[in-house]
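Alright, structures below, take your time with them.
Across the two complexes that follow, chain A remains constant while its partner is chain B and subsequently chain C.
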Partner chain A sequence: MKKQKFELSKGGKDFIASIAAIAAGLLFGLVILLFSNARQAFPAFGMILKGGFTDGLSGIAQVLYVATPIILTGLSVGFAFKTGLFNIGAPGQFTCGAFAAVYIGVKWTFLPAGAHWIVALLGALIAGAIWGMVPGILKAIANVNEVITSIMMNYIGMYLVNILIVKFVYDPVRNQSVPVAKTANIPKAGLDKLFNYSNINISIFIAILAVIVIYIVLNKTIFGYELKACGLSPEASRYAGINAKRNIILSMTIAGALSGLGGGLLYLAGSGKYLQVVDVLAPQGFNGISVALLGISNPIGILFAGLFIGHITVGGNNIQLYNFVPEVVDIIISTIIYFGAFALLIKSLLDRFRRRPSESGAVKEEK
Partner chain B sequence: MEYVIEMNHITKEFGNFKALDDVTLCVKKGEVHALLGENGAGKSTLMSVLFGLYQAEQGEIKINGKPVKINNPNDANNLNIGMVHQHFKLVHNFTVLESIVLGRETVNGGFLKMDEARKKVVELSEHYKLKIDPDSYISDITVGMQQRVEILKMLYCDNEILIFDEPTAVLTPQEIDELMKIMKNLVDEGKSIIFISHKLNEIKAVANRCTVLRKGKYIGTIDVETATRETMSEMMVGRKVNFNLDKAEEKLGNVTLKVENLSVVSKISHKKVVDDVSFEVRRGEIVCIAGIDGNGQSELVYGITGLIPLQSGKIEINGKDITKDSIRKRSLAGMAHIPEDRHRHGLVLDYTVQQNVVLQTYFEPRFQRHGFIRFDAVREYAKKLIKQYDIRSGQDENSVTRGMSGGNQQKVIIARELDRDPDIVLAVQPTRGLDVGATEYIHKQLIKQRDNGKAVLLISLELDEVMEVSDRILVIYEGEIVADLDPKEVTVQELGLYMSGSKRKIAK
Partner chain C sequence: MDIIYFIVQQTMFFAIPLLIVALGGMFSERSGVINIALEGIMVMGGFFGIGFMHIFESRMSGQLLLLLALLVSGVTGAIFSLLHAFASINLKADQTISGTALNMFAPAFVVFIARMIQGVQQIQFKDTFRINKVPVLGDIPVLGPLLFQNCYITTYIGLGIAILSGIVISKTRFGLRLRACGEHPQAADSVGINVYKIRYAGVMISGALAGIGGLVFIVPTSTNFNASVAGYGFLALAVLIFGQWRTNKIIAAAFFFGIMKTFASAYSVVPVLRDLPISNEIYKMIPYIATLVILAFSSKNSQAPRAEGIPYDKGSR
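The block that comes next holds the complex of A and B.
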């Protein structure tokens, strides 16, 4: 029994695996920096590592601003993954949520000041939910693979939003959406003054709240128990009489709502970010996959993974000082993801190392 | 005394787990040597060492008195060691002849010369009285004949040492008798046989000597003729096993499960795999559905439990029609299901014991409040079941079921299903792959259920189980119930005839 003390908990193993992936990704980034400009590589690398801590409080605020939407899309992907579904539709859900928020923000000025931004966010939530629900329904009823349908929904969402922007909230000069009404901006609650950074607002708290809610749903409720059972073993869940079809639809709907909320939070931040009429899928959606993988689909892990990716993204922007392009950080992130997939392997290796002694222990006990 | 195989002091470790610990096996020329042990006792590991699949850390192997080193199965083949696997390794769209010569084809300039091969195969089959038809396709012949093909294959390679790995698991009683005769013939012709089994009757019937393993350790080698069933099982399990199940007189009550004209169509072949089946199970009886694997018993259970749709028919529990009800409703109506495939259906393998014991009851008020799980209640419940059903695992209620032994996984399922106090239990091969101790335990639980006035429907492929546990036997053959028998009046041989379709009592 004493042996158990030395054994890592499951969370501990996940954590080590993620850290290993991050280290490998950073190392690879350093190699690239060295190749492109060896002399400045180390200071630039230091800057990436320092990330948000470069500019004092405002740097930290910047990290929070960048991290908020990807925490939500990460949560979206991670939540679906826990229930056995791969929600690759986060970009589409994100964009639809963003458009709904912008539309309400621009048009529904009749709403009172305190309620306007809340209604706009709810709109984002609902639009994302609908975009997630469609693949869910198709999977539940016709057993269509959700990966294929959600990729298609990404493109449908992107082009549809382009059309709708032009039709309803278009700024032809800049080829983008018009600014939302001031009342639709998410309150800053003095954070901008505290951090001395204008883009920050309470949305990070909304993201943290979402993390907590999803954590509780997954781990403390019978709904989460059902969802996870369906994800881990669809056949055993069916045997136990769990309504898998309903759970698939609900799970995709909730995942979509989270991505949609992420879109709403970003475009209502009042940070001078507008919906562009371009044929590009929202990168925040795909970053959500990275965040979810790095956080091993655990809500708390996703929160920290999102903050970390925000941190090095800010660092990546800073290395332009040394004449490096910020895309180096994208390479680092994608390398981390490769190694993140690798982390699953490391995890199973750790499992194997640890299992041996406990197995023989069990045999002894039986005697 | 000359030994054809000597495996002396073999030790095989996986990590720091000793799968074999100083095991010795000596087989005389011309004998059937049984290798007896429970699952996980190390029988297969020992044979894998002999076959060159694993290398032993310690110990030596001698063939015909000469020390040898067996590094891979080819070495074993060159030493004339052959094996009939539990699951036959045959190509289905080959003929019998083609299957036998596969890998050792007689050729002339790159072209097959089957005539020579055919002559040798026919000779062998006549010599050893192994009836086969060389031109039938493997997919068309019976399991018994497939096994004879496997045996011929070994003989065709001139093997002198034949290993039979649990060969009777898939056979009818008639085919088992046949196999026993074949084994005796082979031995008379000077071959040596290692016969792996945990069925004492068969060992008694055919083996000369028997080596017993338990938990990787060598327990002893005994002369089968003088040993009793009781001593052998005691050596195997390490304690006395009660073979006689104490069953009270049956007290029949009302009909609990009623199945009428049930038909199920296979999704793959579009054939009727369950064909117009009707029967009743009453309170206080164990009804057993006996049959050879693949005759529709799995589909019948899936149909009754709602896992697959019915083509037609009606199912009632306690007089209530549940034909159209969901799985959840059936379970709430008092149906419990110990599934055939405990990994696929029985457990969420990555859930812990406590999460698994509430798989059908988590939504009941005792385990939840306003949608939140009452962790204390679930934990206490799991602890209670662990104690009551003697479920053993590393971390008790927090053990992930994937890492548990098969017997204990099955106990988790049985505890969960029986503790729901169901009116009817459908137990499908509940003792498959379990050792004698666990089997005994599960049989007792089922009988306890029956004695408490509940109904049990047992689906089994093991004839011993069928004969010992049940109060009534329904024989299923090609999806139809062909006989309704009383185990007290029917013999195993007769039962075999019904199972193989050569006899039927209930007219079409």
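The block that comes next holds the complex of A and C.
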């Protein structure tokens, strides 16, 4: 009875902390807009908040298109968080997945039409998984901090993919990958006509499916329980007979697979997006970190956080109408993350607020 | 012989900023605060330093302008790093998350400011800082062309910072206290050291050096600032770990990484490299792979500061 109450209040506090961080980030964005052009600031700010709804159905489709890959990278980062690991390697896993998908999409044209895109996505999944597995193995065997190894893997992946693109699927005129075969594009299933926006396809449903699968794995399976136990207290879980090393490797592998899938979904969308040969880490990977933090690592939370960030990103693109720069949205998002780091402060404030009426033991238990 | 001179001169351009930023990271990490925000701080420092040059280059030029710009970059970096210090020391936030936030904030912020003020995000500057030949020293055979020709004053500043850092961290009272806070803050506190204050100092020194490093990276390698330092902050982090948090090893690591970067960029100019069947992307990858390997094999006796990344809570002493 008491335990249940404690769980509920924790979730509630997390939620309030997230909302407070979002409010602080948006407020900071508004201040920045006011400083740069006070006259247009409020209409532009309204446009950011309105996001995809500015353009009706096609705007919503745009939000879904932007949100799909970052929901997956968000899931990736969030899943690793649950095991107490910080997967900052999402950009590298994303890029490797994207390359595998493009490679299969271009080269394996012998596959039948219905299976081609599925195989390509599976390839993306596996490539990402391998890229995530390396930091996992190093962490499990040699106890190397996964943050550092993931950062290294990001750059190794980026340069490796650059080499591979040039070697296998290169369009020298545009310095990018050649288009994939038509059969490798993810089916649109009439969504493009429904929303009147050509970039939308069924990948948003694949993302939602991934959210559901991860939710079930984390909350309804023994494996998920073990993973979370490792995250909460590695020593205690080892004492309880959980194989922590295996779980660390599996957790990073699954996280990598999710990011890789995200890369596959974006580059098989048939939206005129090609792998570029540039020395820039995939921003979708870093956005995944924001999504995971904002969604408090909860799969359902991540789904909504991804949609929210997609929403204000589209809004940010729209404010160019008022001569503002879309980067203001990145400023807002990073501010949200920074204030999200204050979550502890907000939670302890809430605690103090709640403790005053009754000095209950439940609050102390949490520490 | 000219090729060797060329490679050494180029290596300086790449190695010195890495050295400065990695040493900055050392001050932060050995005080106990992980600083993955180095990249973002470099961007901020580079932006304000180049911005300062852009505004004042009509009134002054040459080394004075460069020195003042370096000062601006350093101060900017120190101020920006306060955000990280506040979150990770006072609020006991997750240091990697706060660092990530700063890394995301910096490029977005500088692009926003640059485009709001001048329409485009690139900030141009005139390179009036290159020294063709240092008087007297540049005429020494071999050593002259190696170190004192076709160079920037930043090279000597960087080497100066390296020597100074080595002395400060291992020979002074402040350095001893800083290391104590990174290894065992409770013990440091029990003998009357203010852990919070020392950690603030560590993070701010890292911010100042990273800010300076941002400018030092941009000036010799480009003629404009495009809201990015090309992953040098993360590379500096690799240098720091490859150098196992020790000054002399960091110096060696920075030059190793610098040579690799030089091979990658000067690849087409050097005949020996051009004939090898290795693409320049491989040279770019080597520093990261080397760091991974070092990490995998040195983890058992890693020299990392023990209390790194753990917020210090006075109450739980």
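Here is the rule we go by: the second predicted complex is superposed on the first by the 339 of 367 C-alpha atoms of A that agree within 3 Å, B and C clash if a C-alpha of one lies under 4 Å from a C-alpha of the other, contacts with A are read in each partner's own complex, and residues count from 1 in each chain.
Just so it is clear, contacts are C-beta pairs under 8 Å (C-beta built on N, C-alpha and C of every residue); 3 or more make two chains touch, one makes a residue touch a chain.
Nothing here was measured: the structure is a model prediction, and the numbers come from that model.
**Q** Looking only at contacts as defined up top, I'd like to know whether chain B or chain C touches more of chain A.
**A** C
**Q** If you stack the two complexes on chain A, which partner ends up touching A:259: first (chain B), second (chain C), both, or neither?
**A** In the superposition, A:259 touches no partner, neither chain B nor chain C.
**Q** Let me test your reading of the model: by the given contact rule, A:62 touches which partner, first (chain B), second (chain C), both or neither?
**A** neither
**Q** Could you say whether A:241 touches chain B, chain C, both of them, or neither, answering first, second, both or neither?
**A** After superposition on chain A, A:241 lies in contact with chain B alone.
**Q** Examine A:162 and indicate which partner it touches, taking first as chain B and second as chain C; both and neither are also allowed.
**A** Second partner only, chain C.
**Q** In the superposed arrangement, which partner chain does A:222 touch: chain B (first), chain C (second), both, or neither?
**A** first
**Q** What residues on chain A does chain C touch that chain B touches too?
**A** After superposing on chain A, no chain A residue contacts both chain B and chain C.
**Q** Considering the complex alone, what residue numbers of chain A touch chain C?
**A** My answer: residues 32, 36-37, 86, 88, 134, 138, 142-144, 147-149, 151-156, 159-160, 162-163, 166, 279, 281, 286, 289-290, 293, 325, 327-328, 330-331, 333-335, 337-338, 340-345.
**Q** Going by the contact rule set out above, which residues of chain B touch chain A in the complex?
**A** Residue list for chain B touching chain A: 14-18, 215, 305, 307, 326-331, 337, 339, 344-351, 355, 359-360, 362-363, 367-368, 371-373, 392-394, 403, 405.
**Q** Given the complex with chain A, which residues does chain C contribute to the contact?
**A** For chain C paired with chain A, touching residues are 36, 83, 87, 91-94, 96-98, 100-105, 107-109, 111-112, 115-116, 230-231, 234-235, 237-238, 241, 279, 281-282, 284-285, 288-289, 291-292, 295-297, 299-300.
**Q** Considering only the defined contacts, which chain A positions touch chain B in the complex?
**A** Residues in contact with chain B: 220-223, 225-226, 228-229, 232-233, 235-243, 355-363, 365-367.
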